[in-house]
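Order of writing sets the labels: A, B, C, D and E. Residues in every chain begin at 1.
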Amino acid sequence: MIVDSALYRGGVRVPVDCTKEDLAELRDRAGGAGDFVWVGMHEPAEHELNHVAEIFSLHPLAVEDALKAHQRPKLERYAEGLFLVVKTLWYVDEDDAVETGEINLFVGRNYVVSVRHGKGTELHSARLDLEKQTAVLGHGPSAVVYAICDRVVDEYESVATALEEDVDEVEASVFSPIRTQDSQRIYILKRELAEVRRAVLPLREPMKRFATGSVPFVTQEAAPFFRDVTDHVIRVTEAIETLDTLLSTAFDAHLAQISVQQNEDMRKISAWVAIAAVGTLVAGVYGMNFSNMPELRWHYGYFYALGLMLVSSVVLYRFFKKSGWL
Amino acid sequence: MIVDSALYRGGVRVPVDCTKEDLAELRDRAGGAGDFVWVGMHEPAEHELNHVAEIFSLHPLAVEDALKAHQRPKLERYAEGLFLVVKTLWYVDEDDAVETGEINLFVGRNYVVSVRHGKGTELHSARLDLEKQTAVLGHGPSAVVYAICDRVVDEYESVATALEEDVDEVEASVFSPIRTQDSQRIYILKRELAEVRRAVLPLREPMKRFATGSVPFVTQEAAPFFRDVTDHVIRVTEAIETLDTLLSTAFDAHLAQISVQQNEDMRKISAWVAIAAVGTLVAGVYGMNFSNMPELRWHYGYFYALGLMLVSSVVLYRFFKKSGWL
Amino acid sequence: MIVDSALYRGGVRVPVDCTKEDLAELRDRAGGAGDFVWVGMHEPAEHELNHVAEIFSLHPLAVEDALKAHQRPKLERYAEGLFLVVKTLWYVDEDDAVETGEINLFVGRNYVVSVRHGKGTELHSARLDLEKQTAVLGHGPSAVVYAICDRVVDEYESVATALEEDVDEVEASVFSPIRTQDSQRIYILKRELAEVRRAVLPLREPMKRFATGSVPFVTQEAAPFFRDVTDHVIRVTEAIETLDTLLSTAFDAHLAQISVQQNEDMRKISAWVAIAAVGTLVAGVYGMNFSNMPELRWHYGYFYALGLMLVSSVVLYRFFKKSGWL
Amino acid sequence: MIVDSALYRGGVRVPVDCTKEDLAELRDRAGGAGDFVWVGMHEPAEHELNHVAEIFSLHPLAVEDALKAHQRPKLERYAEGLFLVVKTLWYVDEDDAVETGEINLFVGRNYVVSVRHGKGTELHSARLDLEKQTAVLGHGPSAVVYAICDRVVDEYESVATALEEDVDEVEASVFSPIRTQDSQRIYILKRELAEVRRAVLPLREPMKRFATGSVPFVTQEAAPFFRDVTDHVIRVTEAIETLDTLLSTAFDAHLAQISVQQNEDMRKISAWVAIAAVGTLVAGVYGMNFSNMPELRWHYGYFYALGLMLVSSVVLYRFFKKSGWL
Amino acid sequence: MIVDSALYRGGVRVPVDCTKEDLAELRDRAGGAGDFVWVGMHEPAEHELNHVAEIFSLHPLAVEDALKAHQRPKLERYAEGLFLVVKTLWYVDEDDAVETGEINLFVGRNYVVSVRHGKGTELHSARLDLEKQTAVLGHGPSAVVYAICDRVVDEYESVATALEEDVDEVEASVFSPIRTQDSQRIYILKRELAEVRRAVLPLREPMKRFATGSVPFVTQEAAPFFRDVTDHVIRVTEAIETLDTLLSTAFDAHLAQISVQQNEDMRKISAWVAIAAVGTLVAGVYGMNFSNMPELRWHYGYFYALGLMLVSSVVLYRFFKKSGWL
């Protein structure tokens, strides 16, 4: 689906009398220096994308990649233009899960085609924001690329923050005095982190290349801005690595916790067994059949025996309490 | 065995009146610019391969490697031509196992010799597909190399997908409430992953070199296509690495699970022991031989005692149920 | 808040008749070769920093970073000047915790603007120290940059020392004969180390670049001094890595300790159960109802039975003591 | 000991009338282009090696290394010639152990001196083989270096194969239903692997340098052959790495196995304890002294009680069998 | 303290009539080509080192480092000369511990100042050895630097050997049938290894730089000798890495051993409990109060019961012995 398409001249959207699907018209009008067309698509059908590809002479391999949409983040240089793939990430609160989408950008001298898959990092609002900043938009396609990358990476940071909170929760759970079973939770978090890493890590390379200002179709003046994006990508990467290491340690601590609890259970059980054993022993003694057992003939002998059981149990109980077994 | 051999001119198979074994004839006819011969072999006998080697002047070291067929993936440049080794992978559903084969490619200015070992990645159908794409095949030997690499790497991706499913199953098994013994399964999966890694990882280097367009006998125009293959190889590699890390974590979680279950068993056992101990204690008490034990003379004393046992057992049972020990 | 601002000429603070907020005046007077202005700010409000930025034409991206203050350590080169971010670290004794702050430095030909966030590495005293060393301060902005970096890295070293002491304590605790639960402590220390690593590691790169003397606005003569700082940063990094590895090993040792203790508990419990079982067995034997049991008719039979229980218990107790079970 | 020495001209051994110790004579005759002397020594005494060193002007540092024979694999370039150290490996079946020896090669324009230590990779047969290949030997010292490296690396591969079998055995043992104690075996295998790695890994660098054809005294024409050796070294390295990783996983699986078995033992024990406890409880009940216990007066009451014990035991036994505890 | 100082000319110590503290005199006489002064100090006071620094114009940063003596191994190039820091290591047998010291070398065109801290690697004997080798000493300061580095690295090797013996002992202890608690020992060894690594690893870089012959003040002719030292440093590093890996595996094996022993204890305990339970059951049976229990009236019934207990115990004991539980 074509979400929007427009011709920009000097950072300003040029009102046109054709529909947003009439791209050939737009392209033809974008003849002046600094003119460019920005076509925004969302999960386009094959024929739609092929139509756009034809109009802007996009490279067939790139078009195929943009259709399939399960690419690694990458930057490809073709003679005709650039092809940039970035993954989008968003955090679904209900499931404590990270989901991934994808944005494909075709960038040429006088056009940008953005193809978005999945729900993450909505781009139409990015367009509206940009249209308010004439000075920025005046830099042409580079401004669009920067705006999109910046927005995507900002979402990486909020995903990283959400995951940090999840790790904090796991941590609290692991070290809480309550018995918890955190191994599945830790496993799932590690899987999420692996997914995020696969989305974020490969983006460093393209951003660094933009930051050196040596990529055609992206103006040298945008370099400091992409340096900033690079920096954010690295920060997210480092945050993710740290979380992963912490989770591993938390998992080990969880294992230690389980061992310690097992040990405590065993001592508690043993203490109670000992208390019961003493009662049984006393009962056994007075169940012996010796003809001469003075206590047996005492009038309150029975109650004395019950008392003996009780007293020894209480003494043992106190002893175990004191030595930490109960 | 020579599976097929043909002369191509301008992307079209030239019908010849000689048998597919008559390679000298084919070679001699491939004199024009853009002409090339493609010989496809499957597990050739030594004399067969030596014959082909003589006709196309293949390098003896490469021929020896192609016969032995237990090479690492690699790209060798000889003065006479290229020698490319790729491993084929396929997933055997019955055994949940990955098996490996090998394809050796000799590439010269006007010939391609493909030598396949094992069952993976059948090449004759690749030839038939290519013969339908005259434009592609017109690029000569490079087109054949690309078509084969693309097909091999596509199979890597389906193997990776099959392994992902296996890991998902292991994961479900590890975290299922049922007691499972997953360590052997995890071990075997890790061994499969190691095998896949050894097949896939070393292929990055040759594909990258093709992607730069700096390898002789492979046309510069094919570079974007090999960049695409490189990208797929990297994606498979990353998927494999992620799976391996997940399996390690799953294994640790499995260990934790075992510990937790052991703990639960121990508590369950202890609870039952406690219940039995109370009954035994009551029996012991009324087995004492004191002359003055009022209950003993009660008419329903015995039933009272049995009742006492029963009640205390039920009370304990409920208590343990409530506190999660049973 | 502007903490202080001054004009330096030939390493000497030039008394001015304007307030410390009147930066335009200061800048205008800093016209001579070797003159420079040093503005020191602490957690400035947005408008304050914007004002300074305007006067010294600071790059907007850098200004934005300096305001937000959650950057990675980095060195950015803009046409107008340098932007350096360093993290400050300090150790809070009460909590055994490391806290982080940030210093942002804007460095130009004739100015330095330092923006400090958090409580760490107070800079006004650094200024006072520097003002006493006219020869050093005569090197201009480079001297200020060096003085600040040196001070920050010195604090890294004292944080590393404090963490080394913490690790020593954990180590002593793990191997003490007393039962300790060190996993949470180790986890927290590992988290602190991760935080320190994230602050220190990325600083190597900027310091190395200064040490090569190839960064504009920083004089080549300062290179050996920054080499010294680089060296300290590397030393801290290595210390941190070593501590992290030691903690991992200490954690494993802690797990082993728990296992050994559990084993000891189990043997101790079992020994006591055995002692109780022997007494119960003796009682059971003399509770049998055979008509012909000579001991039952002995006058001191009962006391003999009690004695038998006692003796066998003592014998068992000694045996267990000797074999290390008790 | 000098094993053999000979003068080669055009790939053919030149019969000489001097003894194999008369090296000065040999050297003097090797004046023509393509002539070279190959001296083969086995664990030479200091004076023997010094004599050879004097005749061929070997570098004293290299000679010292060749005498001590505990070097890392390395390639040293001196003005006078090359010095190559390779480790030999062989597998001792009786001990399941890998042993290491060493070969030192001095290579000059017209001589090769090989100094072998330990039992591995016998070289005299290599010489005899080479003497049959006149064409190969005609390439001079390079042919000798290649022949020796090839032979050494071939033995690496058979050692790797033997270790793979050992790992397979360990794997079978770990996952066998029989209780095994594999940790020592795994430890020893890991130590062997470490030894192999230390022998093989550093050889990559020298072989790669030969494979680029940029090392003096080794002819450029030998490059493809050394590329082949490099490839084998890398294959062995990868095999070793994979085995090491598998062993780590096998070890973890072994730990899991131990835990699972402990759990099973505990459940089995508990089941039997429960069965005994039921019998004891029944006996306790009928050992009570109530005056009114109808069963006591039954004629077959005793046998009924024994029957009750038996039946309850059988019922419990079946129950435990069914639920997998026995 | 100045241990010794001397002027060397052509590799020979020149007798001087001034005291070893009169360095200005020595420096002034070292005017000829090839003349140089070697000042050896041990833990000098600040004023002593400052005096030396003044006479040879040493760089203040280097002097400060040499005084503080807690540097990483490093090589600094100043305009005036080199500054080399190496760590010394020695093994203290009584404590099974490695201790570290430090040697700082200032090297100029015509002087070497060596500053030693700690007890390791005594240098005066190195000087005496060198003075006997006129040819070597004739190479000037480079010879001194080489001699010291060689000696230091030789001590690294003996430390590595001592640690290898320690690891062998630990290994023997871990796999001995006796119960041992090796975790603390392993921990301490790992800490020692970390210390050694921090001393040895950073020395590779300076030695490699000397080995390329590109460092001023160190003659190109010394390159092969420093290559030799580099090689030794790498060998020590590899040995250390291997030991560390082995210790990790040994630790895991230790954990496995603990688990196995715990399992054995549990089975042994359970077997004895079972034996006691059978006796108790028999006693319980004959403690029942049925009026018709034939055995009770047997004349030797009591002894029969005791015999039954004994026989069943012996049978069980044998059974457990056979099945490996006892």
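Following the convention adopted for this analysis, contacts are C-beta pairs under 8 Å (C-beta built on N, C-alpha and C of every residue); 3 or more make two chains touch, one makes a residue touch a chain.
Since the structure is predicted, the reported quantities are computational estimates derived from the model, not experimental observations.
Touch-path distance (fewest steps) from chain B to chain C is 2. Between chain A and chain E, the least number of touch steps comes to 2. Comparing the contact residues of chain A and chain B by number shows a mostly separate set, under half of all numbers used being common to the two copies. Matching CA atoms, the turn from chain C to chain D amounts to 145°, rounded to the nearest 5.
Per-chain CA centroids place chain A at a distance of 26 Å from chain C.
With centres set at the average Cα position, the gap from chain A to chain D is 43 Å. Those residues of chain E in touch with two or more other chains are numbered 255, 259, 262, 266, 273, 280, 284, 287-289, 293. If you draw each protein chain as a dot and join the dots that touch, you get one closed loop, with every dot joined to exactly two others. Read around the assembly ring beginning with chain B and moving next to chain D, the chains appear as B, D, E, C, A.
Those residues of chain C whose C-beta lies close enough to touch chain A in the complex are 59, 61, 65, 71-72, 74, 76, 78, 181, 183-184, 186-187, 190-191, 194, 198, 251, 254-255, 258-259, 261-262, 265-266, 269, 272-273, 276-277, 279-280, 283-284, 286-289, 293, 295-302, 305-306, 309. Across the complex, chain C meets chain E through its residues 171, 175, 224-225, 227-228, 231, 234-235, 238, 242, 245-246, 249-250, 252-253, 255-257, 259-260, 262-263, 266-267, 270, 273-274, 277-278, 280-281, 284-285, 287-294.
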